[in-house]
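Two complexes, one shared chain (subunit A), two partners (subunit B, subunit C).
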Partner chain A sequence: MTVHIASTVHVGRHGDASDGALAEAVGGRLSRVDGPAKITGAARYAVEQQLEGLAYAVLVESTIASGKVRAIDTKAAGAAPGVLKVLTPDTIISLKGASDWFGTPPLHKTYCPLARDITFSGQHVAAVVADTFEQAVAAAALLKVSYDETPAIVDLSDGKAGDGIPIDAMTKEWGDAPAAFASAPVRICAAYNTPREYQAPMEPHGLIARWEGDHLTVWEPSQWLDGMARTYAEWFDIPFENVRLVSPYIGGGFGSKALALSHGAVAASAAKMLGRPVRLVMTRPQTFTGYGGRAATRQTVTIGAGHDGVIQSIVHRGVNETSMDGMWVEPLGSVTSIMYATPNFSSKQNVVRVNSVVPGAMRAPGENPSAFGIESAIDELAYEVGIDPLEIRLRNYAEQDPHAKKAWSTRQLREAFAAGAERFGWARRTPQPRSMRDGNQLIGWGVAAGTYPVRRAYGEAIVRILADGSVEVESSSIDMGQGTYTILAQTAAETVGVPADNVVVKLGDSRFPRAGVTGGSRLAGVMTGAVYKAATSALDQLVGLAISDQRSPFHALQANTLVVANGRIASPRGDGPDISIAELLKSVGRDHIEATGDTMPANSTAEDRYKNYTTIAMSVPHTEGDFSRHSWCAHFIEVRVDEDFGTVRVSRVVSALDSGRLYNPKLAESQWKGGIIMGIGQALLEEGIMDRRHGRIVNNNLADYLVPTNADIPDIEVISVGIPDLHSSVLGGKGVGELAIVGVAPAIANAVFHATGKRIRDLPITLEKLI
Partner chain B sequence: MTKIPVHLDINGTHHHLELEPRVTLLDALRDRLGLTGTKKGCDHGQCGACTVHVDGERVLACLTLAAQTEGRTITTIEGLAREGELHPVQAAFLEQDAFQCGYCTPGQIMSAVACIREGHAGSDEEIREYMAGNLCRCGAYPHIVAAVRQAALEVAS
Partner chain C sequence: MRDFSYFRASSLDAARQAAALPGTMLLAGGTTLIDLAKCGVAEPDTLVDITHLKGLDRIDVNERGATIGALAKMGHIADHADIKSRFPAISEALWQAASAQIRNMATIGGNLMQRTRCPYFRGPANFSACNKREPGSGCSAIGGVTRGHAVLGTSEACIAMYPGDLATALVAFDATVHLGERKLLVDDFFLLPGSTPDREHAIEPGEMITSIEIPSSAAAHRSTYLKIRDRQSYEFAAASAAVGIEFEADGRTIRDLRVALGGVATKPWRARAVEEALKGKVLEPETVRAASRLAVEGAVDHGANHYKIELAPRVVARAILKLGETA
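Up next is the complex of A and B:
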């Protein structure tokens, strides 16, 4: 159930977060336009292309975490039925090193996607290509790999791990935090840990690669067509334009499908070597090591405060794991430094190398674990000073960005607290731990806040008005379930003035106008802006033709402008003709109108454009100019804890969220709920479990790595408290997809404390920690 | 490996295939017959994305050899809509926005149709339990429950 408490507020032309009176307009609750294809099985995902002569590749991965491949005996595999090629570090073609996602040039001139030097268990060491999938699987099992093993650093708690490398860029300091902490009347200090977590999208990573001469086509689920195309082009030393990435539907990404990875290099190499298209799909276990999940983290949060609960100092220290040869920084001070007002602050972070695949982006990287620290710690402070956990958050409310010292563009967090608390019934909460129960179940109510920055960038789109009056939108952006197809159809429909079902949106092909990465909740803002611009320009052309073309029935009217609505064009005063767009185009002898919307700065060079779309180096900082731009949320969660067994069930969730204006509330609510559900998994279930002898994640499958099931999830109520934020985007939206997971885990941990009196600072909150 | 003849009755169409006995129903559907609506999420019976109906009952196609379904009636997501008319479960999924990325959706819908037919859609609690074998990482669960509830009422009326 969903309540829009802001529905009576109307600001400007675009209205509030639920302003769409018409489902088809921007802000309306239009059902997913890609929905019919998805519910009938017609939606064809990347690796489902049916190609003539397709060969099948299967990866073989290392079984040690550290050492060298001594030898690979390929004899039996090579002789197995149907086998076309056995690829090892010795037999695979040599590739060139590729730059990283910032565009930084590679350290090494050459690149081999199959490893001789092993730095983690599960590293690709070989691949077998055969005529059928079954033959490739069977032959891959015949490979004999021998190793020279060396001791591994298995994780952060390994005695050999050390303190790691200081990341100076993460340091944030103002005032004198240690001194202010030392002299504060109330002091709390606690350590918070999050384990290795995995994105686990339902569609495994994989691709089909096909070469035609020196042109490469890759069908691959992708959050970033242009970025991945750049990497393939650099690996194979071919022009960027020679690589085409196709990704019309993506079966979930959550951060994991933004980069070209080594398995892609293996498949594309195999296709080149064989002169045949090759499909390679990771097995589910391989998806746990073929790319990085969320890095395990450790944080210490100390807060010095007055007896009134007003914070005087925060000292924060964080550590995240990275791999032996890659660098991943999970920014642990990101929420710590902006959530609450404090005159003194210090945050520093180290990274520690362990024998793991390089960790990667997973829903709200940085903000998510950061919020677990600070939002747990402030709850501890609330109990320490005897102030309601909601009240203490209001007492320390940051009226401006405490770090950037800039005004918030919009911050409806106070409204989120108020709306969530009212709906949840927070006032009925009794403060004492273990004070609420239902039979054998201890009931706990917890609150926590979340935030995510508004990441901005530039985009391009083409809008065409076709002879039949329909509208076509093209963009190399993608839809992995966020609703890109739908909101771009709504944007084009509203701007041009046609029904949404007369708009066809084409995405997921790198030949289309470019979009940059789909990550950091930035795509909706980027692309609605570009489509709005393109559609406005197409509409101007249409109206211009109608007024000025001598063959137009409007020519004699001498009007300054015309109105286009519902696919028809007429004069604003209602005099003169009223004809369909198709009739107008026919009368002026045009088969289409085309306009490109491009939000890049006007003086951008071709190089700027390439950099903007294929790297993240040109993202606009969220604190650029006079404002600090963020989405905000407050979660109110009820848990029930079995007093004897320590089992925790989430029984109720009310979350109030400020994502600015919502382009489609129906789809935004789905994303919010999805984030909350992933947060419930993070709080109670999800953890990569290490076999310390072998440095190997043992629960590398969907039966042992527990993601929430339907039976784990109660009804969830989400409330939109956002208002349009035109400092954040052209149409007033902020971010949706990353936001809602932030703060869920601490809200649950806080509820568990309220239920049981036990403070769990180490996720996930499993029963053995409670009994 | 020697191939064997396999006759499959899928969505009312008869298919004759020559298959190695080790070929799963899932791979036969996706790689041999181009019926890619049935999804592969784990290949180990852990996620439910490959759920199809065999003789009207929900079955995991990744844990079923194609040869085991010889002579039996198979329905996949592609065969659920009749004469262009969406099945009430499909329509309810669209209306309730019971999916995001869409990858688990065919399996969810096939499970939901069976769940209702089995008489396990009597309450939200029951729906959650009997739909728990189909994972959805996008987290559409509350909307899936709403869709199944809605479709169950429609099917009953």
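Up next is the complex of A and C:
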């Protein structure tokens, strides 16, 4: 039996609305289906659950960066009104160590989320649980923690920091880069630094934990329900199935909500100890130390080239900070090694331990700072040899992956340069720095490219066709604003053949079919594939019933296929009945049809599946097989720099991006713009400012840690230059979420150089660097 | 839990009487006070809510000047047609301050009384030394993160910057603060830190700001407020200038000039030296730039805030020249 599916993958050039796809179909510009619930306040976020007997926990953090807790005087806090429990390392229940996100077993058998040994300022040392939030806050202020302080290594520039630990796995080398550099006619060498940056999601981290016997339910904003559920299960030594994570909406994560964190362990321990559900929400300042932001980085990029600007050698050295007892590697050579063709290349990276919380994932970890280095350096080379910055990028265009030595699955970067330059009017640029101005405003035009690998994994979904003809999709994947609810509704609607209005997508509950991490821009590709498979098999069943069930009005037709469209079933030639799905199900006496679909390899074991959904160990390498798979983009940015004040304002952005096929261009554009806006913040505003005497970030709130406001953001034009890439995903998409931030900061720094003649190699580009 | 009592004042006298008691604080829009309570800086025993007092939110503008009630909202004043036309710098200072939401809540009484953004002042849990919070405890800022701290009017005890925009415009135009019957020039209302940085205003227990009066002047009529910052909106000033100018009949010679600086000093900072240097002079870019340097005479930096000494005179000069262009 064959089933006809109106797939648009091969129909047009882009496979989306620009070829005429309907809003409801895959590739259509359907508005966010969760929009109305969020705008009206009907959407209930994790910690907004109203539970009987809820108690409130408040964290107490270390005020020193290095040393030991000598004593915690809990007397006053314990006696304060409403206090149920004061948790310290001595009183909290003991937990088991949990494996990391690769599934690597823990170093230590036990785990205590409250610290005795202090390795950074802002570390959780105690918690107070009370009947009300206010009581807990007041009592927490009464805890007296005394310390034996030892000298801290505050950051990468600390004299005590040293060179750090070489990370051999990051080394990438071919040819003889140092020798080729030494003999190159043109040589540039520069150091580029990025500071600590923070995800700063609107919704702070927090959770409600409730125990029923040895079953734990956690309502928590999560980018990865199954991964977090595994960690909770391991901590509390209960079966994975006993943990339920619920996370229907997430108020922004940007990488920071993928893992179960120590505050979660504290809340779940408190709930267990008290036999009551416990809510714990971090304060805004705590979100700066309760988990890691983007690690501060240092890179040196040396390029040897001919006078024609053709690169002969790149030598790259990178360093990122990590914590005293955790390991975070921010892969700084990731863009450096693939963006340009070079016969000789060397990249190495060290990691330096400082007294900080272990850094974490933040939108395009690795690629983002990496691009700041190489995309600034190539601009410096362009001025050195006197070649247009766009032209030099084309002269060094990598026709294949220079590192993996494989063909690109698709690389529409040349198209991106062409489309962006055209819309931006790049040809009108005058090359000299300080050559364009408007009164006191120096105008600069900069270009930079960005890229992000296509990370792939496997997903699972259930599709049900219900008695009323509507369709239900279930998956434990999540929607943190990127549009999962919407694109999965589109996928199911198109595949089954019903209007998108008739599809209800249920996400954010670990009881649903499983999904891996929502990170690395992989979810859309993974989950549209899984829903497509499940929906296809549900449709198969539906059509199968219609054809073969004796009670079906189609039975007499003896057809070997039927067409389902717009919620109705008919024969392809239209020579039989034409009835709704609901009527068919009624006629055959079924109240629903259900199909599970997954994209796991056929012979996968239960263990494989568990590993795939609860760790990242089974991610498929982007260079697997014959191809190297990446998304690509080119940013063209205009800045205006006030010559007296040094203030930089971005006045125009045109970005052309290749994310393959877009499942929903409206949502993809909005994610791209979000990435570009975040990139503007990174370039001009964002920086954790350290009091070096205390090893403490002092601008730990949203009045002082600046992210862009609407007034900082000009009109942003984004152009899709992608084409369906079936090597990257079932339906032809590549990654969307992280791509667009990559390359924004160097494009702005390059524009600032063009405007002012000053090369700023330390982010952010604040006014005192330019006056 | 830290209990406090809440009292809704029914009359001005009742409010003032209550406010005279130790541990009592007036509550207006709450945008500073609640924030400081959350940081653990303000720990009032009693809050006296004055927002229901009648008649204190009036904005009256006539030939002699403007009288603005203490409970008038920042947003209303910024949008007031007569304030915009006769005191443009006042309106501009207000709409460039804070965010739309805050301006809709915040009153100008509370606005004048806003406290410094010094992170050490705002972080008692982590930084015990702060002379402003705890007299005699020392100053955590000196030797620490000082990018936002003052370069003018500092003392060894405190280098905290006064962050308000409105008051900067008020000192430029000789506005007075009315504390019931008592009146003070805004310039005298704000105190230098000296050895008592905990005392910021010449206001006594039991006193309350009832209104602000801004006398009309030709300089106030031709005025502007220029605020420079890294972020285009919703950020305190890196440096700002309130400037008003009156020309002689030739339209080029400066008869009267008012200059005040924000974002760089421990209190709203009137730059009289700049005013004196330019009065009677013809407005020329070079003259203006040279005179503007006098704005930072005596400035002392603490490292990271050095840029303010460069920046502030440029802001002053730009503001003066901009007003000249419209002559």
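Throughout what follows, the second predicted complex is superposed on the first by the 752 of 771 C-alpha atoms of A that agree within 3 Å, B and C clash if a C-alpha of one lies under 4 Å from a C-alpha of the other, contacts with A are read in each partner's own complex, and residues count from 1 in each chain.
The working rule: a contact is a pair of C-beta atoms (placed from the backbone, for glycine too) under 8 Å apart; a residue touches a chain by one contact, two chains touch by 3 or more.
Keep in mind the model is a prediction, meaning the values are calculated, not measured.
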Touched partner set for A:D438, first subunit B, second subunit C, both or neither: neither
Look at A:F645 in the shared chain and tell me whether it touches subunit B only, subunit C only, both, or neither; answer first, second, both or neither. second
Once chain A of both complexes is superposed, is A:T766 in touch with subunit B (first), subunit C (second), both, or neither? second
Please work out whether A:T63 is in contact with subunit B alone, subunit C alone, both, or neither, and reply first, second, both or neither. second
Of the partners subunit B and subunit C, which touch A:E134 in the superposed model: first, second, both, neither? both
Give one of first, second, both or neither to describe whether A:A711 is in contact with subunit B, with subunit C, with both, or with none. both
Contacts of A:N699 with subunit B and subunit C, given as first, second, both or neither: second
Would you check which partner chain A:L685 touches, where first means subunit B only, second means subunit C only, and both and neither mean what they say? second
Going by the touch definition up top, name the partner, subunit B or subunit C, that contacts more of subunit A. B
In the superposed arrangement, does A:I250 touch subunit B (first), subunit C (second), both or neither? first
Would you tell me the residues on subunit A in contact with subunit B in one complex that are also in contact with subunit C in the other? 81, 132, 134, 138, 703, 708-712
Per the contact definition, I'd like the list of subunit B residues that touch subunit A in the complex. 1, 20, 22-23, 27, 30-31, 34-44, 46-47, 49, 76-78, 80-81, 86, 90, 93-95, 97, 99-106, 109, 124, 127-129, 131-145
Please give the residue numbers of subunit A that touch subunit C in the complex, ascending. 63, 80-82, 121, 130, 132, 134-135, 137-139, 141, 440, 642, 644-647, 649, 684-685, 689-691, 693-694, 696, 698-699, 703-704, 706, 708-712, 764, 766-768, 771
Could you pull out which subunit A residues touch subunit B in their complex? 31-32, 34-45, 48, 50, 81, 132-134, 138, 199-204, 249-254, 281, 283-284, 480-483, 666-667, 669-671, 673-678, 701-703, 707-716
Contacting residues of subunit C [partner subunit A, same complex]: 1-2, 40, 117, 119-120, 123, 125-127, 143-145, 147, 228-235, 238, 306-307, 310-311, 314-315, 317-318
